[in-house]
Every structure is written in structure tokens, then in C-alpha cells.
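Chain nomenclature is as follows: A, B and C, assigned in order of appearance, with residue numbering initiated at 1 for each chain independently.
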Amino acid sequence: MYFAGVDIGSTMTKVVLTDKAGNLLSTIKGPTGAEHRQLANEVMRQALNEASLQIDDISYIVATGYGRLNVPFADCQITELSCHARGVHSRFPDVRTAIDIGGQDAKCMKIDNGRLVNFVMNDKCAAGTGRFLEVTATALGIKLEDMGDISLKATKKVQISNLCTIFAQQEVVALISRGEKLENILAGLHDALACRIAALGRRLGIEPDLVLTGGVAKNIGMVKAMKESLDCEILVPEEPLITGALGGAILANEIYMKAVAAGEALSTKARRLEKATFFGEEHR
Amino acid sequence: MVVQKERKTINRLKSMYPLRAKVNETYLKSVEAIQAGKPAVWGMLNFYYGDPILKAMDIEVVYPENYGAIAAAMGIAQQYLERADAEGFPTHLCGYSLTTLGYASRMMKELKGQIPPEAPIGGMPKPLFLMSSAAICDARYKWFQALGRYMDVPVWPLEAPLPGIKEFFIEGHYDKMVKLGVKHLRDFVAFVERMVGKKMDWEKLNKTADLMIEVNRVWHEVNELRKATPCPMHSRDFWSAMPAALFLAGDLEDSLRLYQDMYKEVKDRVDNHVGAIPDEKYRLVFAELPPWHSLAFFDRLAERGWNFAIESVGYHPPIPLDLSEVSDPLERITKFSLQFLVGYYEDSRKQNVLGGTTAYPYLKYAKEWKCDGALLHPLITCRSASTHLPYVSDMLIEKLKVPSLSIEGDIVDLRLFNPEDALARAEPFEETMDYYREIRKQEGSDW
Amino acid sequence: MSGRNAGLDKAREIYLNRSKRVRELKAAGKRIIGYPCAYIPLEMLTALDIVPYQTCGDMREPITEADRALPHSFCPIMRNYLDCALKGKNDFLDGMVTAHSCDPQEKTARVWESYTHYPYFHFIDIPITIRPEALEYFRSQLNDFRKTLEAFTGEELSKERLEAAIKPHNRQRALVRELYELTKPSPPLISGTETVQVLKALTSLPVSEGNDLLIEVISEAKNRSDGPGKQPTRLLIWSSTVDDTDIMQIFEGKANVVMNESCGGIRAYRGEVKFTADPLEGLADYYLNEITCARTFRQAAPGETRKDYLRDLQSRFGHLKGIVRDWKINGAIMLLVRYCDPFAFEMPSLKDYFNSIGVPSTYIEYDYTTGTLAPIRTRVEAFLETVGH
């Protein structure tokens, strides 16, 4: 018996396959792109190949994330909030608060024994998401993945006053030309983002253990800045991008086993890897 | 490196300083009195309606709206804003309200009623009651209601009728407004008496009402003098000197004397053609709330020859009216307060300028104070001080050929106002003002 | 088109083409007067044989014209309403009546009057409290409204005509409450989406035609077998305005919306205008006291010298307790319209109230455009997952 979680995020699509015992058989990540309706099956195919499985082998499939409605072979859709809660809990059993910072949104989740109990989200303003760092990295001519390491060398934090990501871009360029050191500017940028995310978290109330996930969690400078902003310890999973898909697979397992135990029939979708279509027509 | 001292181009009125100082004095005296155990009330700006009652009863009043501005200017509002956000108040709300709500949460929930040690100028103590006002915006009375979450103190929202401009002239309407106002005020007096445990001194109220009216009449006359060319008094002096008239800050007899001194000084300047800035090239009207934290910005504009001749309708005294035949002080107070709201209605109706009660006065200001342009300052969390601005801009250009420049800011998020950006727009706007001056000349205007 | 749900079909048709009927009536010589807000006493229009028409906007309409007169950081609903008006969508109106319910209503009313040229325009001032003198002032405002209506129509708005108009409007309120009885069963017999369509249709028809529609819909729904499917969560939506099916469908994706406490929902229909010696008194009393919009300042006891927070919450929100109990509500969504101040200030206190009566609740914000619907879906679903059974 095998289970799948498919997380179609706004920037990355992730698939996790597990066995009945919850062991990870494969995890695949790929860019979502603009045509995410086309890509779900591609990523799934890769995941199946890696685990040497066929689509028919999967007993239950949960789709989550921004594009969850566009996974035709998924048996049900669950929000990424509940999935993250489950996924994070499987790695950190004492987690009570999780913060996920993605490319285009930021979410805080209150968790009780792996169950989502409350949440707040920001998806209105890029300045409170990973996009803020991407844009400013480009403006500074550095790689996003190097930002964190460089920022740790800072000797002071430069205040970034612009609230808007686009204007912050101009501001950092101006700071460089004024002779400010790159590492200090980066520290300021991390601090600005951390403050905004901390404000989001405070609406929920932060309770330890606090876990950080999402692409931004791989940024060591952000983890530091978040620790300072929230004044508490932060745990980061080894694979911070796949907690949503992992949670989806765990929930798929639970839902299926619960139905089996109760002797209930579960409705499932056709096990066919087709592209999502409009009006029932195939797209090439 | 030579440190350049900031040049003060604006020629400030000497008589402004004691009026400005009086605000600080009063505030500090108030803080002392409160610390010595005198009861305090948190009040909203209520436009001459509730303040005289409290003054006659000798009650200390703290204005959270002002405290919000102080907190913002001193850079300590952020923590209160964050608290309010954490409490679940949406961030689009008035920055002053969020500051107060965050402050109240900190004081009551965290510090069990003790004034927060980080609060500047003595902070705001837990009040005896909250006096809010319906005038100008919804937030002001809803905010005080929301404070009930942190403090079990009674709230009295003062009514402030706001009829339609045409509707106001329906027979009997004014009398109905006065009737509402007087009854309401009488009930408010009874409420205050119960709260402080002493009766109103009606003689004192009579005197207070008269002084309030007279102080504002003189203050009105001072501002009429600013019609002269060059304009003898800059907006900065208006904003510094207004609290004694608007909030009845300090001793009213003293205030009257100081405003009379100011009248003399301004008249003197008019007679000697002395302007508020060395070289008046442009006369401007400003709307609505100034960037309190960046007033030096106006000196930079003054260097370019921008003289601000008139401003902020919301802060100006009502057009004087004769209330000498009205014996009941509550009626005098009500009528005077209503005058602030409806004083311009007659003119507004005649000119068919119906787009908002605070909009028409700008037409009158631009015309009578001979303004070349309007500087508009919309504030992202203060909708009531910003909503009328697009209409004002539209109306000024359409009816008077006076152009407007809009520069955004906020009441507490000071990062939103960028003086450098604003100054960069000044030069092109001067070209616009020059152009429209020509147009106005061609059309036969006298300025 | 199924004959079984002819009433619901009719409602949907009207919802999609709101001004059709009033245009017909106008062509047949009737006067049509527009209004934006639930605080307008429609009885006074009906009494003079004027057809009231709510000048709603359209969530799908991109705002282009309203920028001349209103800033961006302003109630998006009123901006939308004004935008539609400036685009001429209400040009068939003979006039408008507006009111000082909230700041955006007041400010938009002035601008509306300046930028359009209807033959008739009247603004009603409304006090913020429900104190006796406030009520009296409001009554006098309604009297002034009567005067301008009489001047406009050349007819007398007599006591008899007014009482004759109050009857069908009270009947409409009673019928809407009867309609909402249909959402009490599990599953409800009528969906939130269908209810929005019916109620929107009512704001587009003369009162008697609206009553006929309600009677038809109620009788059909009682006998239908194709009603909404049962969902584990029965939701209460609390908001200033929920009058669009696109957003209602987001809530109904995985839940049953059994109560819509907003304009577009039950808010305008909860009580009844009492018959008083001066009918304007009964109207003033109803509209000031019974419309549960956050703009009115309610207190447990006005001017009370010893305030009790829980008692205050009860006085402001207590009407929700019965609703929660009788409709077996197990989840509440506080849907805030961006830049709405009165409702925004209420939210933390309302959450306290919901907590005190054991109803899980969540805040969701929308800006009256279709662009924000996808993220709202995630929030709604996540909330349902937390309430989850």
C-alpha cells in the first residue's frame, strides 16, 4: 500500500510518496511554472519512477497547495495549512507553531498534536514573502542562495525603510552606491522581512516548539533574523520544502486506513496520468 | 566637515511661542496633576462641544489622538502598533487608534494598569471615562468602544449631526439639530456630574463658553489678516498656535490675551508689508493634516519662495456668529459647535459645491487668500482627512484654475512620507503654478 | 428550465440582470429612486408609488471612473457602486436617496450628488447612538425626507399612504425570515448562494412583486428534493456586505452557509416596523434600532457609570446567540471588507463573543473584487479543516 501527497505551490511543485509505515520512498521537486495544470502529472511520473512504482499502486492521493484543484488524479484536496501541520509534526512531534515562508506567501500555523487548530496568512504583499529577497538579490546582483551566508558577516544592520518590494529594490541600489557594505544591507533586508513575518506570527501567538519551513528556511540569515525578531528558538527540518507534500501523503494514509478500518468505501479518481484539461479536451 | 545648521527660512511670529509653550505647560501640569491622583478623561477632538463642559468641571483631559502623533514623532509607536496587530485589529485602521489600542493592551493586560515606563511625556493614565465624538469620522467613536476590551470604563460618544448641504435649509432643520445638541449635552453634563461626584458650576460654564467663543473669534480675525500680500503668517505658526483655541488648552483668559497679542503682531506685519518668508513667489493652501514629524520640510519649500497662507479646514475656528442673545450656555456651546460643521453651508449651496462639507471651504480659501496652488497630503490610514482631497483638487482646478500637488504620507507610519521625493516634485509643480497663473490672468482673475 | 424551481430560476435571472424590471416599469411611467444602503426607509418611497432600487455595484467591474472622486484606500464597495453609477449604469433613475450610515456612505453620497444630475437627490442624516434625543432627531430627518419627496412628486405622503406601504414591507421582512427557516434543517433546503440571489432580486423589484417571488420560492423549497448536500460545518457569515454569489460559493464549497448576517443577507429583515401614531416614529425606531450594522453605537446601558465588558458584548452581539442555537451553527466567518472601519473595530470583540458562546470563528478580509477569491478559498477551507469533524 502506497500513498502520495502532491503540493502544487505557486513557485514549486512537490510530490512525496510513502509506504504504509510512512517511510519516504521518493520526493521530487520541480518548478510549477505558469502552466501548472500541465505539470502535476510530470512530477508525479518522476516520483513514481524513482520509487519504481506505477500510478495504480497508489492507494490514496491528496493534493494540496495553490494549484490543488488542478490535479485530476488526486482523490481529495486538503489545504496546505493542514498538510504542513501534519508534515511538520512528523518531523518535530512537539511542534506547536509552524511558519512557512514561500515564494509568494507566508503562513503561520498553530498545531496541536499534528492537527491544524488556527492560522494566519499573508498573500497580499510581496514584501512579507520570499519574493522580497528574490527581488532584492537580483537588484544587488547576487545569488539568492548566497544571501544568507553573506548576511552573517554583517557588522551592523542597515535600516530598510521602504515597505514596498519594488521600492526596496531601488533603495538597496542607492545604499550600495552610498558605500554601504553588502553584508550590512543584506542583514537589514533579512531583518525587514523577519519583522513582517514576526508580526504575522504574533497575531496567532508563538508557542514553542516553533518550526520554520519553506524555501526561505534554507536561508541561514533569515533563520537568525527570525530568532531575533521572535526572541525564541527555531527548528528547521532537513528538507524544508516538502513538508506540505509529506503531510499530504500522511493524511492520505490516515484517510485510507480509517476508511478500511470502518469498512467504508472511499471514492477515488481514475488512476491515469493525464494533463488537466479545459472542457474535457486534451492539450498537447 | 562643517556641520550646517538647519536654516530657518520661515519668519515665525514672536507671539506664537508663548501660545505653543502653553500647550506643553498645560500638558505637563496635567501630567503632574494626574500623577497626584486627579482623575483624567480620555477625549477625542470634539470641536468645542464636550471640552467646555470638562473645562468648567476642572477635569484633566488627555487626547489619545495627539498622543498618537507624539508617539509616532518620537518613534515609539511601533511596539503599540504591533500589539494592536497581534490583538487582531486590521492594519488599515487609523494609526492613532492602533497606537492607543496597543498602548491600552500593554498598560492593562501586561502591566495591570500601570503606565508603561517607556511611554514618553508621562504616558496616558487609565481614565475615569472616555469621551468620544461622532464628528469627522466613524473610527473615533468605534475606537473608544473597542477600548472596552482592555478597560472597564464608561464611554460617552458625543453626537455630531452632519446634514446634507441642501437638506440643511429645509425649514425647521437647524432648530432640530440644536434641540438634539442641547438635550444631548445636558445628559452629558449629568453623566459627568455622576462620574466625578460633584455638580456643574453653571456660572463657570457660562464664562467658559463665552471665553471659548471670544478666543476663537479673535483667532479667526488673526487668520483673516493672512489674506494680505505678502502673507504675514505661515501655516507652521497656525499649527503651533491652534491648540489653545481648538482644544481649549490652558487658561482661557490667558489664551485670549495671547491671541490678541498675535493679532497685533500680524496686523503690524500687514501694515508694514512684512511676509512670513523672505521672498514670496507662490502662495499655497495646505490640506489636510500636516506631517507633524517633518515640519522642517516647509522651511525647505520656503527657500523656494513657497508661502503657505492658509490650511487645514478641520482645524480652523468656526465663522464667528453672534450668540449674545442666547442665555443658555448649553445652547451657545451647541450652536457654536454646529457652526464648525455647517458654517459654510450657505455659500456652498450658492456655489453648488456639494462634494463634501470640508471641501467647499478650500474654494473660498484659494480665492480669498489668493492661492497659486494647493498642497494635498493624503494619509493612508486616515481616510477622513484624505477622502475629500481628490474632489478638492478637481474642484479647485475646474472652478478657479488652481492646480494641486498631492504628496502621500501617514499619521503614524512615518516612512510613507519622503521629504526628498516631495521636494523633487516641487520644481515641476512651480511650472504648473506659473502656467495656471497665466490662465487665471487671461480669465480675468485678480490673482 | 425546470418548472420545479421556477421561483429560484426567476431569482437567478433577476440577479443576473437586475435593472430589467425597473426599466420596464420606468417605460410604463413609474418613478424609480435609487438607494445604496439598508438604512433608507423604503416604505416612504413605496407610499408615493415610487419603486425603490438598490444601486449595487458589481464585483467583476474594474474600477476606472471612481478614481476621479474617491481615493483608493476607501471602502471598495462604495467605490464600486459609484463607479457603476458614473458609468451610467443607473441612468434610468429619477433620483437617489442616500444616508449618513457610515463615513464611506456619507462621503460617496456627496460626491455622487456632485458628479451626477438626477432630478431628485436627498441625503438623510443618522445619529450614531440610539438615545431618545437621537431617535427624535432621526425622526425629524425622515420628516424632512418626506417634505422633499412631496415636493418632487407633487403628492402628499399622508399617514394612510405610509401605513399602507409599511404593511407590504413588514410582510417582506416576515417572508425573508420564513425563507431563512428553510436553512434550519440539516441539510438546509436552500443554499446561501440561492438566498443571495433571492435577496438581491428583492432589491430590484417593487415590494409586492418581491413578496410574490418569496412566496413562490418558499413553497418550492419546502417541497424540493434537489437542495444542497449536507456538509459537516454549518456556517454563519458576519459581514457588512455579502451580496454576490461568487464569494458565497467560496464559502459553500465545503460547508453549508445557513445564515448570512450582512447586507445581502438577513440584516435588513430581522424585525418589524411598529405602527405608531406618527408612522415616522415607528420607522425611525425600526431603522435605528433593528439594523445590526456596526456603525451604530450600542451600549449595555447608555452612559452607564460602571461598565461590564461581557454585558457590553451581549448588548452588541447578543442577537447572534439565538441564531447560533436555532440554526445549529458550528462555525462563524467574520468577513471584513478592506478599509471598513466600523466592522474592523468590532472584530476582536466579536471574536471574544463567539469564544464565550463556544463557536469557532475566523477573520477573512476581502476587497470586493474577484481577484482575491482564490486565497479566500484556502483560508475558508483551512478554517473548515480546523473546525473539522
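A few remarks follow.
Note that in this section a contact is a pair of C-beta atoms (placed from the backbone, for glycine too) under 8 Å apart; a residue touches a chain by one contact, two chains touch by 3 or more.
Computed from a predicted model, the values in this text were never measured in an experiment.
Taking the mean of C-alpha positions as each chain's centre, the chain lying farthest from the centre of subunit C is A. Between A-B and A-C, more C-beta contact pairs are found at A-C. Centre-to-centre separation between subunit B and subunit C, using Cα means, comes to 35 Å.
Centroid to centroid, with C-alpha atoms defining each point, subunit A and subunit B lie 48 Å apart. Centroids built from CA atoms put subunit C at 39 Å from subunit A.
Along subunit C, no residue makes contact with two or more other chains. In subunit B, the residues touching two or more other chains are 88. Across the complex, subunit A meets subunit C through its residues 66, 77-82, 105, 115-119, 121, 123. Those residues of subunit B that touch subunit C in the complex are listed here as 87-90, 92-94, 97, 134, 137-139, 141-143, 145-146, 148-149, 152-157, 159, 161-167, 170, 172-173, 176-177, 179-180, 183-184, 187, 190-191, 194-195, 353-357, 359, 378, 380-381, 383-384, 386-391, 394. For subunit C in complex with subunit A, the touching residues are 374-375, 378-379, 381-383, 385-386.
Subunit A contributes residues 161-163, 199, 202-203, 205 to its touches with subunit B in the complex. Taken in their complex, subunit B has these residues touching subunit A: 82, 85-86, 88, 413, 415-416.
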